[in-house]
Structures are given as structure tokens and as C-alpha cells.
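Input: one structure, supplied below.
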Amino acid sequence: MDLGLNESFAPMLAEVRRMVQDEIASLDAEYFAEVDIGDRWSLTPRQSEILESLKSRAREKGLWNLWYTGAGGPGLSTVDYAYFAEEMGQAHLAPETFNCNAPDTGNMEVFHKYGSEAMKTAWLTPLMAGEIRSAYLMTEPDVASSDATNIALSCTRDGGDYVLNGEKWWATGAGDPRCAVYIVMVRTGGDDVPKHQRHSMIVVPTDAPGIEKLRAMEVYGDDEAPHGHMHIRFTDVRVPAENMLLGEGRGFEIAQGRLGPGRIHHCMRAIGMAERALRLMCERSLQREAFGKPLAQLGGNFDYIADARMQIEQARLLCLKAAWMMDQGDARAAAPWISQIKVEAPRIALEITDQAVQMFGAMGISQDTPLARQWAHLRTLRLADGPDAVHRRQVARAELRKYTNAPA
Amino acid sequence: MDLGLNESFAPMLAEVRRMVQDEIASLDAEYFAEVDIGDRWSLTPRQSEILESLKSRAREKGLWNLWYTGAGGPGLSTVDYAYFAEEMGQAHLAPETFNCNAPDTGNMEVFHKYGSEAMKTAWLTPLMAGEIRSAYLMTEPDVASSDATNIALSCTRDGGDYVLNGEKWWATGAGDPRCAVYIVMVRTGGDDVPKHQRHSMIVVPTDAPGIEKLRAMEVYGDDEAPHGHMHIRFTDVRVPAENMLLGEGRGFEIAQGRLGPGRIHHCMRAIGMAERALRLMCERSLQREAFGKPLAQLGGNFDYIADARMQIEQARLLCLKAAWMMDQGDARAAAPWISQIKVEAPRIALEITDQAVQMFGAMGISQDTPLARQWAHLRTLRLADGPDAVHRRQVARAELRKYTNAPA
Amino acid sequence: MDLGLNESFAPMLAEVRRMVQDEIASLDAEYFAEVDIGDRWSLTPRQSEILESLKSRAREKGLWNLWYTGAGGPGLSTVDYAYFAEEMGQAHLAPETFNCNAPDTGNMEVFHKYGSEAMKTAWLTPLMAGEIRSAYLMTEPDVASSDATNIALSCTRDGGDYVLNGEKWWATGAGDPRCAVYIVMVRTGGDDVPKHQRHSMIVVPTDAPGIEKLRAMEVYGDDEAPHGHMHIRFTDVRVPAENMLLGEGRGFEIAQGRLGPGRIHHCMRAIGMAERALRLMCERSLQREAFGKPLAQLGGNFDYIADARMQIEQARLLCLKAAWMMDQGDARAAAPWISQIKVEAPRIALEITDQAVQMFGAMGISQDTPLARQWAHLRTLRLADGPDAVHRRQVARAELRKYTNAPA
Amino acid sequence: MDLGLNESFAPMLAEVRRMVQDEIASLDAEYFAEVDIGDRWSLTPRQSEILESLKSRAREKGLWNLWYTGAGGPGLSTVDYAYFAEEMGQAHLAPETFNCNAPDTGNMEVFHKYGSEAMKTAWLTPLMAGEIRSAYLMTEPDVASSDATNIALSCTRDGGDYVLNGEKWWATGAGDPRCAVYIVMVRTGGDDVPKHQRHSMIVVPTDAPGIEKLRAMEVYGDDEAPHGHMHIRFTDVRVPAENMLLGEGRGFEIAQGRLGPGRIHHCMRAIGMAERALRLMCERSLQREAFGKPLAQLGGNFDYIADARMQIEQARLLCLKAAWMMDQGDARAAAPWISQIKVEAPRIALEITDQAVQMFGAMGISQDTPLARQWAHLRTLRLADGPDAVHRRQVARAELRKYTNAPA
């Protein structure tokens, strides 16, 4: 069970770390400041310039599509990628710089595994090139999407087309003007169809008539423009039947294939965020004085620092173990490990970030450190791709199955 | 130790509750929507209309300046007021409706206790009438203000004037166009003066030349316009010597007198927010279904609800006890109790609010419930008026003093 | 809502505190040392002497049956008694000294409320006089007694007698040679009888033929001789029909009436134990030095002390509120409050005791402080009279009932 | 970073697991029952027979001194040994069965690394053969031994001898009649000697005149006879000068060399105990019913099970990482990792054990499961070989050193 980085990737990792810390992190603030200029939902020339120049530099260095563990990719295992993703978690623009950002990575995965040749040409190629963006539409406002069998957006066959009606929200990235395609979870089967075969995944171009972006969902008051988490209405949206992925009723099969890697990538980045928070906490605790001493030496601050270090090491190892399980190729066996880290990584990253906020005093909750924004982002991870409760349930059931043949 | 509401105020409390729930809460969303119209730092006509009509109605009903426990006020004890403040915590606009909002209440308290007749005429009277707003400038960006002896904004005598130079931030309410006056903590004494006599409080009209609002501090991305938490620079700001409160070197004395009630009012409202979060959590858990059951019956949700109820009851009782201690008239004896509730009320309210967010799923972090905004506000309370660490330190020292005469 | 002590009892309380601290606490160690002499399940002459002399002194001072809120008692309300019970929690022998020890108080309550005149003469009078001891037999080894409808000890009518067969365990106090009577929860009704009417309470003299004490249950290795928590087998144990309390099928009614006061008394004492732990922790932290400083000034110790103080104050107030609810006379309304404190008091007392253990280092887990024994005793309270899970369930259901008429 | 077991040891591990579960665990209860027969501080014939027959079988199978990573041992790395130690944690008699029990392993380590040839012949050979037992005397009643520079037992040169005077306590294993030798930390240097060179380690045969076993320290009421944690007085105890290990003033050097492996072995076993607790918890939750359902499906029990699994996985990985660091050969670099797991392994094992106790109800605190005993043992680990606070301090200091050259 080798959880270390393949030695041959060490120089590449060092270069990613250097770029993130020296080139990318410092551009985050400028990028965010541009959001307030003009229409929040377009990219300013400067925003485009920032993104494209970073992407060019990354591509030139061969630091591109690092997430792609398939043939023709850079050759990282999931374990290897964990080390890279952790670095990318430390600056807002870093994942996109290396074409490793959610939800595009997950969507590319779907096209790779389940897409037709036509889809690959139309969507996968430009996505892999970083030329377009995409979104993944799963969650709906009217049902508890934590139980995905509730998903209800209607998709009915009409001649050579499918017609979609209903609403989705939290369509992350759908605000971006470059977003060209949606992968949409829809309901195709009636109540007579077995529960896990009622749903399908279908590909919808974002310019199809009948699509209406109702609003951006806010995350603790932030609309996250221009990326955005959009609330979208479909009214008689029509797409050709060949846009259906794999075939009717195979939505859950695809969702499982897509969500595993996506979940673990989030966790890897969350651990990078936890490291950043701990670093900021330590620096602050050494520089700031109160009552005649550096904060580090006051009260329980040693304990907070020690606990943060211990939590990070454990969560990182668990994340690497889950990645290693995925690399073994048995998705079913890896599933409870992904559920475990999906609960633990956001939990510890949130706690450490919150502790860092407290060490900074009022500055911690403000725009003057990346901590407040990081916290809000991490908070979404306790809900996205399955809330904690659902993952805990998976872990418990897997545990109890060891002792019984009956379903727990 | 009667911690109940004086019976005679029961009808008044019922009317406040009714107004908050039926008239005020529903206007919060409209008020916030107006912030995005035109200049964020002015009030739109509709915003003014909302506020002034609510205030008129409150004043007509005699529900005005309820916080004021002095002569000529409505006659509530601090214990009584706790019950009212808790209700006001349940809608954003409620405290101002009843002229009970921070930081004005604390500033009025200062003018009442320490102000000259001229100050009372100029500032206290219009504040009590709800005609102007005020701010309290304590925290500074360059020093650890948790140890208030670090405060450094320079204030030097020049003939009949004082001249102020330096920066303050987190001047809550200073963004409001109606804000007419600041009470400012300044440093007047040199290193030769005893540590707790180096500081003073001085009154500064907001239109004094040399005052520059640099920016609004953001709270988890929200600038909280038009109220705002402003970062302000003073450059040779000149005020007459009689604007000094009590006299040079008495800043800490005034701060203590001001902060006690202010802290406990925040806590009382925080308990109201915790109640709101629990109510929303319960309603959601009964209405929403997953896996064929209402959420209430899934996993540990009963435990979360039970723990929330137990935490609220205990924190409320502690808050009432601290209020009762204040009503006994011995501020020194009451101080550790205020520190206790200052730690506990935000802690439990944050935890319960976060749990409610989780029960709502992605909706919980969005603009569709008051929970995300409430969480961000509550988070500031772990820092405002002294961070947790300072209050815990006070409580521990008070405890250890029981066993030793030497300073702990 | 007066949660204070009735002033007139202040001198009495002071005397109880003095006796506990000055006279009783110091005898605990001697009493325990005597347990190892001869038969663990008898009292040595010195043990009897210690107990009887303490009891005499208490009775002489009128400090007797303080728990008894009924007519002819000392006249304390439940709120008043909370202050006394807290003091008694601070020495092992204190509750019995004042004839306020479990399970006798609960059993006396049962005889008072539900006993026939014959029972009162036979059992209540000597119990009130401290001449005999009693036990309460509820829990059974073979069923989950947390759901008391599972209780199964068979009790069948045979002419003028009832005949009992089955096993009980955790019969607290049944090891004591002075224990003369059991109150036993039995099953009298078949499956055709409604669930909460199948059980009854019956009075059984401890010398009835067919009673066998199988063994003493150990609490973290301690058999708690000579008091003991006994595992008892009933084989054709025969008692006259008039020993049935109230009548067949009324077992739950009696259990409710008995358990309310019993639960809250445990909690009141637990708060006293928490205070003792905090006191020991503070003293230790001031006396012991490491790394050149008293422990109090190292690491997070200030925080532990502050948190302990804050937890105790809140739990005490909750306990007083629950007591006050009982004093209002509506047992049904008081029930969720008792569940709340039943969860919270042991929880905080355990946590503070454990923290105190840690402050003492290895000495803390040993026989050289009362902390280890106290911890083990407190740990039983998370199970006795209903485990945490059952009480949390009660609190959650009471909360949800506010929002629905349907059963939650 | 390979954290897996070396494949070649897989059959050996399987055999250890089988022996522990099938042969050893079932003898624990019988062994403990024998303690109450006759003198608690001798071994009954049956106790000797149990131990010696288990040891013979282990030795025959080559499952002997598995801990010994040096030349001539079975060849396990520290990482490999972790897997074995975890299995041994699941039965009380298992570590001794395989001659892998504390404190003998640590003492053998000392003789191996620092002992003279004479010492090796006299003590190491019979210890490696399992013929004698040993104790390690560090902690003292009168000083805070968490700061080991406080250690004060006097050891002065007198001709060819050293003479020892003072007291030690918590001498684990010193109650065993087979215990033949002590390794004792003593103070040899005066205040003029640098702080970390004042102490020495010396070898003392247990039959030296002047040694007095004052009493057994109890762990939550258990004297742990016949192994015991003894309180020992030295009065003019005289040993030849060549019994000094390495030379005067090198006590800390030896302590460091000894404690690293010892600490991690405890942690490995603690993880085994956590696994045992989780297994018992799961089995109970499936077998026991209340309110018409197996406990597993009630309240938050799924969450407790899931959290336990997640905590165990993370702690195990951290333990393996610390072991791997030790295997890299840089003790200084490994030290903070050992401190980390020294805090985390007992913490999670205690929490899970306590949760399992709660799942069992009153049975959980009794002698009818191994949980209560296991909890008490685990509780000692938060103090033994350095309390949590000292290890957290080490971790925090290591962290802060990354940001500063000045000592934190």
C-alpha cells in the first residue's frame, strides 16, 4: 500500500507548487476585484487575460489535465494526483489554470467513459483543451436530492427528440459565459420502473431554446460570479435523442462513475485549504502580540495548532488511502472509503479554517485574508455530492454488512 | 433570584413578538433587495419608508427605547429586557424598529452616564428619538485590539482642541448616511502613564474635516451596506476639548461601563437567533422527506434537535442570570457572568444555526433562508467586544482568584 | 421564576455544607478502607459506627429527610432541595447521613404516594427513620430495559398470593445487609393487554424464600460493596396479593411518579460532584509546577477551567429550572425538563471530572483523589433511569410536537 | 511510503490473529478470576499454566519477540509490527504470550542498545526468553513528572557503589513475583549541571536490600494484580557502579531511545482495542432490540458507527506513518509523529470504547464485557509516557519551527 508520490513526478509537483504560490495566488485578489466591474456574469478583458495566460503557461510546461488518469494523459495515478490537487487547493484560480477544475473534470470523465464519438468531438475535445466550460445539473429545488431517486425533471421522448421540463439549481459553473454544455440528470421512467432505473443523463447545449437562468444561488451572500451556481428552468427544451448518454435508465450508473473521482478531488483540495489555513494561523500567531507575548504563547493556541496538524495528517492519509483504493480498480470496494473522506476532509478543513479566522480576529472574517471565502466554499462541500448524513449512512451500512447478510 | 419576566410586561412582550413575526420579519427581504439599488451607502426611499413606518408604529405603542433601564425609560429591568431582546433577534430590522439597535444603545448609554449637558442636547436627544445614528470606534487594524491597551490612535491637545490621527476599522454603523457622531477610543497618555490610564474617549462629529471612509470591511463577503463596518482614517481631525468624555485617561472606565450592557444585549439577541434556527430546523425536518421518511426520523436528527433545545435552555438561563447580576448593581461582580455568556451564547447559536443549515441542504447556505446571513452575523460576535479567548481568560482568572490572593 | 434558595433555609444549607466538608468527607476514605475487612457484604462495627453517628448528628440538627417535600417534612421546595443535594454530592457518605440517599428516597416516595397503610407501617416508617434500607428492581439482563415495555419478570396470581419468577440485575443497594424490602417492576399482563398496562409494581420482603443474590455487578471493576448493584434470581417467590401497589397494570404510572424526583436528585448531586472536580482542578493547577510555572499557566488550562465554570453554571440553572417546573405541580409539563437535565448534568460532570483527572496526572486515576471513583459513579448515570438516547428522544419529540399534531 | 504489511508476513499475522481470537481471548476471564484466589500478588498454579502454555505454543510457532526489529529477530519492520500489535491489543494475555508486553519490550530495547555485556547476560537473555519480568521506574509522587527534569530520586556515588534514596510510583509490572530487575531514572547531577544532564539510568535487581513496595496504585479502583503499578520506596539501596547505564548524566538520552518504540507500541494496541470496541458495538446493535427495532436503526447509532470507523482508519494510518518514519532511521524526525499518534490513538480508542459501553447499557460498565477494563487501561495511556499536554506541545513547537528560527 504505497501512499507516496511516484518519485518521477516530484519535479512536476514542485513546479505546480511554485506556480500556485508564486504566480497564481497573488492574482486571485485582482481577479475577484474585476468581478465588480460591469456585468458580473461576463469576464472582463483582464479576467480573460489572467486566466488565459496562466493556462498557456501551464500547458507549455505540460501541467495540463493532470486529473486524467486514462490513456494519453500525463500518467498520474489517483494517489499521485492527490498531491497535485492539494497544491491546487491553495489558490482560487489554480484548478482552472491546470484544467483541473470542477465540474469540468467530472464532465470530461463522463464523456470519456460514456460519451459517443460525436459527443467526444463536440464537447470533450474543447473541454480537454480548456476552450469551453460545462455544468452538471443534478439537484432540484423541489425535492430532497440527497436521495437522488427523488429527482424529477421530466424528459419525454417525442419522435427523434427528448423534451425537458422542470427546474434545476446549484448548477455550478453555469454562470460562466464560456459554459457551452450541460450534463443533466433527468427522469425518464415511470413509477412502474425499478427505482434505480428511472433516471437518465442527457447532454444539453446551453444555447438550446427554452433554457432560462432564473438567478444565481448565493453562498453565504456571495453569488460567486462569474462562475455561479445557477437556478435554471427548462421549458420544452428539445434535444436530439442521440444526446442521451448510454441509454434511458442508466443515469445512476453514470452518476456513480462520475461522482467517485469528483468527490475525492474536492477532498484533496480541501486538505490543501486546511494546510493553507494552518500556515496562516501559525504565521499570525508568531507575528501578532497581545498581553506582551506573541499569540502563539497565549492560552490554548499551542493546542489548536497541534490539533490542526494532527487532523490534517490523518485526513490526508485517509484521502490517500481512498485514492489508493480507487487505483486498485474496484469501485464498489472503494466506495465506503470515498464516503469516509467526503465526510472527514471538509469537516477538518472547516474547523481549522474557522480556528484560523479566530486567530486573525476581525480581520479573519473580512476580505483581507482568503479565510472567509475559503470557509464558505468548504461549507458547501458538506452538502455537495451528497450531504454528510448520506455518506455516514453508507459507511455505517458497509460496517454492519460485515456482521450480517441481511441488509442493515 | 427571579429570572422570570415581570408579569406586568407580558402584554408588551406579546405585542413585540407579534410585530416581529407578523410585521417586521417579512420586510427584511424587501429591505435587503433595495440595497442593490443605486448607491449601496444611501437609503432608498423605500428603505427609509420601511424603517420610519416601523419606528412610528413602535413609538406609538410605547415600544421604544426598551433597553433603557434608567429613569424616564419604560421601566424594564435587565432581566425583563432579555425577553424582549430575544424576540428582536428574530428579524433583521427589529432592533432598529424599537430603537434598540447596536451600537446606538451602547453609545446612548455612554452619553447618559458620562456625557455633558451639551453632549446630551446635541447627540443623546436625537439618538433617543431615533433621528440620527452613531458609531463606536475602538478596534484598529495595526494592533491586537483584543488587548485594548494596545490601542494607538493619537489624540493630542492643541490649544482648545484635540487633534486625532490614525486609523480605526470595524466601525459598525458608520456606513449609514444617518450616522452623525462617533465615540472614539484614543490614546492620550505616553508610556510614562500607567497602562490603564493612557486612553480616553472622545466625541467626534462625522462631518469633521479629515475623516476619510477608506472602505467597508466585509463579513464573509458581505459589506452589510448601508449599515457597514467601516475602515476610517483620521488625518488631523480637530474637535473642541470639551468633546472629551469625563477627562483624559478615563477611556477604560467608560469602555467598561459601555461594554457590559452591549455585550449582554448581543447575547440576548443571539439566543433569539438560536430559537429561530431551531424552529426552522424542526419545520424543515417535518416537511421534507428522503428515503421515504420525514427527515426528522432519519439518522441522528432527533439528537440534533434535542441537543439544540438543551443548549438553548441553558444559555438562556445563563444570560438571564448575567442580567440579574447586572440588576444587582455590582458591575464588578457581574463581569465574569457577562464574560461567560459572551462566550456561550454565540457558540451555541452558531452551532444550532449551522445544524439548521445542514438540515436544509444547499438551500440552507443560500439567500432563501435567513440562516446563512444569521450565521455570518453570529460569527462576528465571537470577536466583537472581546474575542472568546479574552473572555475565557477572565472567567478562569475569576475562578482561580477564589483559591489565592496572588494574581493568577 | 424564582430559582434562588428560600432565604429562611440559608442557615440550614450552611450547616449541611459545613458538615459535608468538615465532618463527612474526611470519613469517606476510612469507610472505604473498612470494606476490605472481613465479608465485603456486611458492615464492620466501625462502618456502622461511622454511619450511625453521622446520622444521629444530622437528625439532632433537624437535617433529616430533606428531600421530602410533602406535608410533615422540613418544608423545602424542589428548588430549595437542589441546593442541599448539590452539597451532599460532595462526599460519598453525605446522602445517607441526611437520609437522602438513592434508591431509598425514591422508594419512600412510592410508599408515600401509592402505599397502603399496612405498607407505610411496615416499610415507610422505618425507612423514614433510617432504620432499614430498600432497593428498586427494574432492569433485567435479558431485555433492553431502556424500553421498559420489554420488562418480563413473571408475576402470576395464585390464590391469595402472587408468584414471581425471573431475574433482575443492577438492584442498587440490595447488597446492603440492612436492605429489608424490594419494590419490583413485574409483568402481569399478557400480549392482549395494552402495552403500557401489562406491568405492575409489587413489594417483596428481602427474606422471602426463593430469592437468590447471584452476584454483584461491577462498575469499572468496583463491586461497590457493601451497597452493591446485585444480580438477583426469583424462583417461585411468593408474596400476599396485598403487596401489589395500586393494582395490576399500574406499574408505569408508579414508575413515572417515582422516577421524576429520583432523576433530578441524581442530577443535583452530579452538579455538586462537578463543583468538587473543578475545585480540585483549580487547587492542583495552582500548586503543581512544570516547566517552571504553575500548571494553571500552561497550555489550554485556563480554557479548561473557564469551560468547566461555564458548563456548571448552565447545568445548575437548568437543574433549578427543572426543579421549579416540578414545583409547579404539572408532572407532564415538567417531564421534558427532567429529560434535559438527566442528559446534561452527567455529561458535564463527567467531562469536568475527566479533565480534573488529567490535571492530576497519574494520581488522578488512582485512589489518592476521589476523582476516579466519582467518574465511575457518574458514568452509571448516563444509563441509570433511562439512557441518554431515550431522554434525547423525549426532548426531541416534545420539541416537534410544537409543530404538529401528528405524533413525531 | 509503503504502509502495507510485507506480504511475506501475512501468514504469520493470520496465525497471530487466530491465536488471539480463538485461544487467548477466551482465557482472559479465567485468568482474572484466579487473581482473587489467595495472595493477589502471586501467580496461582493455573495462572502460571495458562501463561506458560500460551508462551510455549507461540515460541514453537516462531511467534516470539515480534517487536524486536534488530538483527537476529524475526525481521519485522516497525510498520509490519504495527499490524501484529494491533491484533495483540485484542486480548489481555496476548502481548505476554508473544513476549511483546510492556514494559519488558522497552527494557529489552534499553539493554540491547545501551547495556554492557554483563547486563545482557544477566537480564537481557532471560527477558528475551520470557523467563523473568522487569519494570521501569520513572514517575515520582512528589514532582510533576510530565516535566522529567523534575525527577529527584537521589543516587550518589559511594566508593564502588551507588546509593539510591527516594520514592517511585506507577512502577508497572513491579507487582509481578517474576519481576527481577528495575531500570530506574535517578538524579545524579546537582543544580550546577545542565538541566538535561542531571539524570541517569541505573539497573537495580528487585531483591536489593532497602527496596520496599509500599502499595499498589489503583486504576479506577483496580489494583491490576498481579502485574500492578507499584509505589516503591528506596532506602539506602546499594548497587555496584557498573550498573549505571552508559554513564552518569545520560538518562535523557536513554529515555528518548526507550520511549519512542514504547509509545508507538501502546498506540498500535490501542487501535486494536478500538477495533474490538467497534466490533462489539456493531454486534450489539444488530442483536439487541428496543422500540421494535434493532438498536442499529435507532437514533444516531448509524452515525456513531460511521464516526468510529472513520476515526479508526485515520488513527491507524497515522500510526503506520509514525512507524514508517521510525523505520527511516531518523529518530529526531520521527519524534513529532510519535507525539501525534500518542495523543490520537488513546483519544479515539477511549471515545469508541465509551460509545460501545453506552450501546451495551448497564452491561457495558460491568464485568460482562471487556469494555470497562479496556477503557480504564486506555485512560492510563493519556498520562503514561507523557500526558497529552506535553505531546501536543511538542507537535505545536515542531509546527512553529517551520516558520521561525527562534525557539517557539
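A, B, C and D are the chain letters, set down in written order, and residue numbers restart from 1 in every chain.
Definition applied: contacts are C-beta pairs under 8 Å (C-beta built on N, C-alpha and C of every residue); 3 or more make two chains touch, one makes a residue touch a chain.
Quick caveat: nothing in here was measured; it's all calculated off a predicted structure.
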Reference subunit A; chain at largest CA-centroid distance: C
Between the pairs B-D and C-D, the one where more C-beta pairs touch: C-D
Mean-CA-position distance for subunit D and subunit C (Å): 37
Centre-to-centre distance between subunit D and subunit B (centres being mean Cα positions), rounded to whole Å: 53
In subunit B, residues with contacts to at least two other chains: 299-300, 302-303, 389, 392-393
Subunit B to subunit C touching residues, read off their complex: 1-4, 278-279, 282-283, 285-286, 296, 301-303, 305-307, 309-310, 313-315, 317-318, 320-321, 337, 340, 343-344, 389, 391-393, 395-400, 402-404, 408
Of all residues in subunit B, those that touch subunit D in their complex: 299-300, 302-303
Contact set on subunit D toward subunit C in their complex: 139, 141, 144-147, 150, 169-170, 217-222, 288-291, 295, 298-300, 357-358, 361-367, 372-373, 375-376, 379-380, 382-384, 387-389, 392-393
